[in-house]
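Both of the next two complexes hold chain A, though its partner changes from chain B to chain C.
Presenting the complex of A and B:
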């Protein structure tokens, strides 16, 4: 498939570098602005066929057992899906990370709701920071869908059909993140469709030009 | 007024625009109508001056995230109930919610250079939806006749409490009770009499339960009280209180005043127990209470009855 070879080794390296810078900035801003301390690993970039995505995702998470997924779509020139994957019980840990579990606005029996809402809020902020910084470096403007939480033992992630034509390639950026204070780890996947590739190639060139 | 301003003013949502210092720069009619605060009064003022309760760490964190990352933030009714303390509208005014239930969304506003200059806030009234949801939850978890929890939800809670016991090791006890000679009530006063007794006993007992206790109708005239944080001695004392309370209770039904008694069994969760053996022991205790004269409490294992005289 030609699509897959559309991104050269060099372009992949540039993309990796951009992600690295973006995630570094995202982590710094999260710490400075909202007091969330998160470590993001150097992203790993893979290109797979969109039709293989569900199988790939399932395999990636098999070691986790039960998981919670926060899914959020983003639209700009750079468009796709962001998936944040947590081990199933992380919600409880993250509630204390946000430090406002003393808000009286929820009822005690709704701990499941509190957990999933906390996952959504953390996911929304983390995804917003990471995607936002990538878009900023590439001079793009993105908007986001509301986050959605999927909690299950057999993850089946539904990719928006309009974004992921099964016959197209998808670029997967995988990052391990870790909230130091709470010992919560997980994966952040940014999956962007082939439709973004030609724009991405141009943006990568533009990005490099400022250093030449 | 340009077209977008007309929409801004007439749309059935609250729309607010805040600058980077969270001062109000736009406040639509919807907001004015529900808050009673006129656009003229609030423009230029900090949102927190008018709504100090909104100044929470969560709101500040999310608005900072929107201003620096340009993402969206969501304040869902499920978690927050509402952001702005407004009265519910129309038929929901006197219903289950004291305040209008809201879903709120926050997002960035950018200038021509893509620099974020402010925040928009959308407020959506979801009171009607939330009240339907609450009704559905009640239908699913409550017993229609007595208003206490139903057996299915009891099983769910029992399993949850069992898991919690396994993790924490905190005491967990169970009282199972049954109305004595209930068949006679039905025979003498008909089913309306039986129903009235079930209702008055359930509501009397529910009224003296602690909020952490969990009362459910287990079967026809059989009830269960799940007692987290209570040991067998505590369960016994409570069971005696319930027994005396029911003994004193008179249920009026037409021209009759119906009096009944209850028999009670109590058990405490042990490390060897499963949910089934825990339930079975309380059931066995109830059976013994029935067989040894009724209107009495039997704990298994037996405990020193002297605790009774002190209560």
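Presenting the complex of A and C:
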């Protein structure tokens, strides 16, 4: 049974607020480490069929040429995939934030590695803080797969079948953010599988109980 | 003395969370607004003693609304309640004249503490 379609308007609002708090924490963590100001947006929540996820992501980024994706899966009661997506070349912009500008320039090959490592580092901080905060607020503990960087010519994402049954729906929590000083926009998607929904609905009720 | 409280936040859930942290036995009169511009208009209309203001909102963000409110009434007591806890964000709203900054999610303890400080300031 597809539980996601039973998510009420109020449950969506609670989830949106939790995402807002979680991303605020993630931005603050990142700002502390690399001294950058992150402009936050209002999170958006969408429900799509898991089989349509790659198409959804592709459509969202159709205006960009290449994109860089940092992907990390997480498991707890709250389980799914986190995707941090940047337009291509954002990694190079971010390198200067994380690295020492006085360093000698890198050879082309090591520059690619450096870009990949930078994206992985930024992704690790943002995804870890964001997913961790959602889990903390909902009294869950999650474990993570190592982050993976994918640089795509044509935006497409294959969702792990172990997490997403293509015949089920998935919840997409999307936040857009801007690294102000560098004019870099990024997109963070948390995609939770249908398997988490029963737990999620109960956890949202429990979370709000303290505010009754 | 605090009689009228204005809550400005685009999330109805967030307004509900905040309101639940405020003691119910004080007889406060509440007004609510769902974005910064509506908050500014509501401020002018209701002249609240204390305003709770979110930052990330549509139409007009909370920092802009805070600045406009302080231009309109330099004595306004605006308490920023935000998930955006970056040091630069906090510095910015303090510069704009925020009375206090409270981190989301709100708790009874930190909201009541903020109200006590506002009460003291109004004496």
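Quick notes on this one:
Just so it is clear, the second predicted complex is superposed on the first by the 190 of 212 C-alpha atoms of A that agree within 3 Å, B and C clash if a C-alpha of one lies under 4 Å from a C-alpha of the other, contacts with A are read in each partner's own complex, and residues count from 1 in each chain.
Here, a residue touches a chain if its C-beta (ideal position, glycine included) is under 8 Å from a C-beta of that chain, and two chains touch if they have at least 3 such contacts.
Because the structure is predicted, anything quoted here is derived from the model rather than measured.
In the superposition on chain A, A:128 makes contact with chain B only, not with chain C.
In the superposed pair of complexes, A:34 makes contact with chain B only, with no contact to chain C. Once the two complexes are laid over each other on the shared chain, residue contacts for A:84 go to neither chain B nor chain C. Contacts of A:16 after superposition: chain C is touched, whereas chain B is not reached.
Legend: residue contacts after superposition of the two complexes on their common chain; A:144 is shown touching chain B, with no touch to chain C. The wider contact with chain A, measured as residues touched, comes from B rather than the other of chain B and chain C. Residue contacts after overlaying the shared chain place A:203 against neither chain B nor chain C. Legend: residue contacts after superposition of the two complexes on their common chain; A:113 is shown touching chain B, with no touch to chain C. Within chain A, no residue touches chain B in one complex and chain C in the other.
On the chain B side of its complex with chain A, the touching residues are 56-58, 61-62, 64-65, 68-74, 76, 78-81, 105, 107, 110, 114. Within the complex, the chain C residues that touch chain A are 10-14, 16-17, 20-21, 56-58, 82-89, 104-105. Against chain C, in their complex, chain A makes its touches with residues 10, 13-14, 16-17, 20-25, 27-28, 31-32, 37-38, 40-42, 137, 208, 211-212. Against chain B, the residues of chain A that register as touching in their complex are 26, 29, 33-35, 98-100, 103, 105-106, 110, 113-114, 117, 120-121, 124-125, 127-129, 131-133, 141-144, 146-147.
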